[in-house]
Amino acid sequence: MSSDSQVRVTVWNEGVHEERNHPEWIREIYPRGMHGAIAEGLAEHLPQARVRTATLASTPDHGLTEEVLADTDVLLWWGHAAHEQVDDAVVERVHRHVLGGMGFIGLHSAHYSKIFTRLLGTTCSLAWRNEGERELVWATDPSHPIARGVANPVVIDKQEMYGEPFGIPNPDEVVFLSTFAGGEVFRSGVTYRRGQGRVFYFSPGDQEYPVYHHPEVRKVLANGVVWAHQPGLERLTGDALGCTNPARRF
Amino acid sequence: MSSDSQVRVTVWNEGVHEERNHPEWIREIYPRGMHGAIAEGLAEHLPQARVRTATLASTPDHGLTEEVLADTDVLLWWGHAAHEQVDDAVVERVHRHVLGGMGFIGLHSAHYSKIFTRLLGTTCSLAWRNEGERELVWATDPSHPIARGVANPVVIDKQEMYGEPFGIPNPDEVVFLSTFAGGEVFRSGVTYRRGQGRVFYFSPGDQEYPVYHHPEVRKVLANGVVWAHQPGLERLTGDALGCTNPARRF
Amino acid sequence: MSSDSQVRVTVWNEGVHEERNHPEWIREIYPRGMHGAIAEGLAEHLPQARVRTATLASTPDHGLTEEVLADTDVLLWWGHAAHEQVDDAVVERVHRHVLGGMGFIGLHSAHYSKIFTRLLGTTCSLAWRNEGERELVWATDPSHPIARGVANPVVIDKQEMYGEPFGIPNPDEVVFLSTFAGGEVFRSGVTYRRGQGRVFYFSPGDQEYPVYHHPEVRKVLANGVVWAHQPGLERLTGDALGCTNPARRF
Amino acid sequence: MSSDSQVRVTVWNEGVHEERNHPEWIREIYPRGMHGAIAEGLAEHLPQARVRTATLASTPDHGLTEEVLADTDVLLWWGHAAHEQVDDAVVERVHRHVLGGMGFIGLHSAHYSKIFTRLLGTTCSLAWRNEGERELVWATDPSHPIARGVANPVVIDKQEMYGEPFGIPNPDEVVFLSTFAGGEVFRSGVTYRRGQGRVFYFSPGDQEYPVYHHPEVRKVLANGVVWAHQPGLERLTGDALGCTNPARRF
């Protein structure tokens, strides 16, 4: 996977930590924002992809207009400090596009975003501890398209700990399991199908650590984009997402 | 299953078809409302259960106050004509109680209710045709607790057809599959776990046909209640549903 | 799917019905055997595929030597009258190749083959009735790669009825559900992952009816081949399928 | 769970390490064998259970005759050094009883037993390292019947490391995830339904460490027995496990 692919990607990041300069070293590790680093990593692995970025401050609609979403094969989402500031109408629109066939990749604290909890239907709560612990990301099946070609484990020197219990529905697939120096465990890479859309959640990545520069994390995200992209799929829109009332035929 | 059990059940029905006398024969087949017939069926099979009912018009809060839900082990839900009139705060409350451990059984057109789509995260759309067709309800595994002791198939002489594609996430279990005289098929009995709560959806049951008097349908619902009830479970409330921040221990 | 693909396919058919001329019209509907008709259908949809066939009588090893399997991306399997005559060593070999990453498509009465029950671990028993009933094959999700571009439903005028309960493990995906004129239902298209291999079972297809000439059935099988094929996957062999004993690294 | 229950349990242990006095301290930690310690733990939590034990050397049939199995609700299985010495006919018999409704709990190196790989259909291979590392056993959902009332995590001071990738089919439920001092991770508690039988695999437990004396491990096993037991289930035997040929009814 993560081969050449003409996929249309939108990387969305609330961008609030960058704006607030919090932590104060964020501009050193993410001079173009986390979205910039993520987009850069995708471009490395998917040179034919068309990658754009948007943030909470983008206008109109946080950069997620009907036109942008209709032109997006896979949407990546990073959010943390401003979940509540995301407009409900935009969340509804993104939700509709995922069900219609747009891929969605939730990143790190996006576990608590409106769109992710809307897609999964549960709390998505977890245990956390931010002490810069070493995280090891293990593949349960190294041949899974998202894990293929990725180091096993991926070693991340410093990360926020995310631990079980993770309040999510039983995933379709558990691709990655992480362990932390403190002993905790987390289902750090899980997949779901929602409507026609493919959903991947990947927990590594935090505003305090340069995780989105990590070459193996970048490969996972590129693989995730290729996996969530369904070339040739006819996206469902409008009434096509609703009930039908067929006549008696047989 | 469906043995004696001191379970606390609340049967919720919007009650709008009954109020509007629509169809005009509804008071003949459901003189005490569909909720009345459902409650009667549960009482037959679960004589030690404590069964109450509530409707959209119940006050306050459609009869679903914090106190009622905290005192409910399993909630059954029938809705069709008035999904939008259900207060969002009540939906949020029911959702929270399911994640905390209350069982939930969605009935027939509840597939489109706010609470069901909130729990599942998808459109939950389907194909339908109301021509009073014969429905056969088959168990994929007759030993499943919800199917045990139930005729296989259950023969329902007249029912609205509900057909695939059914826009739901991949169920944890497909307990029943229905076929219709017109040839269609439907995953008519599916289960999910959401948080600590067990969710069962069962499609037979419509305001135009006396399905909730059918002895086998009544047995399915009683089995469903016993299955969704988790005696001894500590219900989670408030902060216990959120994230935790453990200190480093190991 | 079912686009151009340089996949290496082996269609295995026990070939016993053809040899015994049973039913007596089998040579009319399958002059080159069922395997011949299946291979022909695949070649139509996948012109760049390399499709070969083999039967129980093929020598050596029913045509399924180590060399043939190592050179096969996807194996299709039809068997009915001679399951017991398949050599256990060949079954073990096929099993090993599936776990190593070869795709496997079980057809119709292959539900009872040694290799299929070995892969699934259950009885795989079902209900059956051979009266040439109309079968309707419905997609639960028409956008699934195996269902894409296929009529929904596929109408098969005459088929043997296969019905629930089907003694299989909970599938990873239920792609197709069939209904029959007699009212029964069957999970007629199901997928599993086993080791690195992708497994698809598709029930339509019987020695008495010309099902493998049905254009929609041919499209399903071609889609199934493309789905089960994992280009770029490194097949695991020998010790790579066993346990490992890593040194302490972290 | 793990409350009073009149369940009939058989604890099977090959008993070879005990017989060979290997490791040489095994008789100190397991004076009545691992099966003895396991049975003792079950009796503590399930005083009304009837627990018996059997070993490879038991006669006839390693103690697993048709009569014993028909009289067993849940079978626990420990094996390591002598998988190949288990008679194939006995494996077939146990397999048949599980599909008919007997619960099965595989313990530690039983991952490689004939019966476990027969039930799952895959290699069941894993990574291992025996250096007496600390294992932490985390519940993904502490309200699961098998995890209820169990410390989270269970801390096991010294254990053999079992790590991913674990060559199993996608489990119905992942109840426990273990981390090890060396950083590895393992799906240490997984459930499957196979036919009418419930299957639970739990990895902690090794001949070199006194794990089956650990109070929390004992509680997990008792919970597992109660979970795998299906009171009132009609066990299927003989032809009832095979195909049926219903007449046309509808």
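Per-chain residue numbering starts at 1, and chain names A, B, C and D are given in the order in which the chains are listed.
Methods note: a contact is a pair of C-beta atoms (placed from the backbone, for glycine too) under 8 Å apart; a residue touches a chain by one contact, two chains touch by 3 or more.
Keep in mind that what you see is a predicted model, and the values were worked out from it rather than measured.
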(request) Work out which chains are contact partners of both chain A and chain D. (result) B, C
(request) Count the residue numbers both chain B and chain C use at their shared interface, divide by all numbers used there, and answer same if that is over half, different if under half. (result) same
(request) Pick out whichever of the two, B-D or C-D, is joined by more C-beta pairs in contact. (result) C-D
(request) Working from the CA atoms, figure out how many degrees chain A turns to land on chain B, in steps of 5. (result) 180
(message) Just the number, please: Cα centre separation of chain C and chain D in whole Å.
(response) 33
(request) Report, in whole Å, the distance between the mean C-alpha point of chain B and the mean C-alpha point of chain D. (result) 35
(request) Could you list which residues of chain D touch at least two other chains? (result) 136, 141, 163, 170, 172, 183-184, 193, 250
(message) Give the list of chain B residues in touch with chain C in this complex.
(response) 136, 138-142, 153, 163-166, 170, 173-174, 177-180, 183-185, 187
(message) With touch defined as at the start, can you tell me which chain B residues reach chain D in the complex?
(response) 1, 3, 101, 134, 136, 141, 143, 148, 155, 172, 193, 196, 230, 232-234, 250
(request) In the complex, go through chain D and note every residue touching chain C. (result) 99, 112, 118-123, 125-129, 131, 133, 163, 167, 169-170, 172, 182-184, 192-195, 241-250
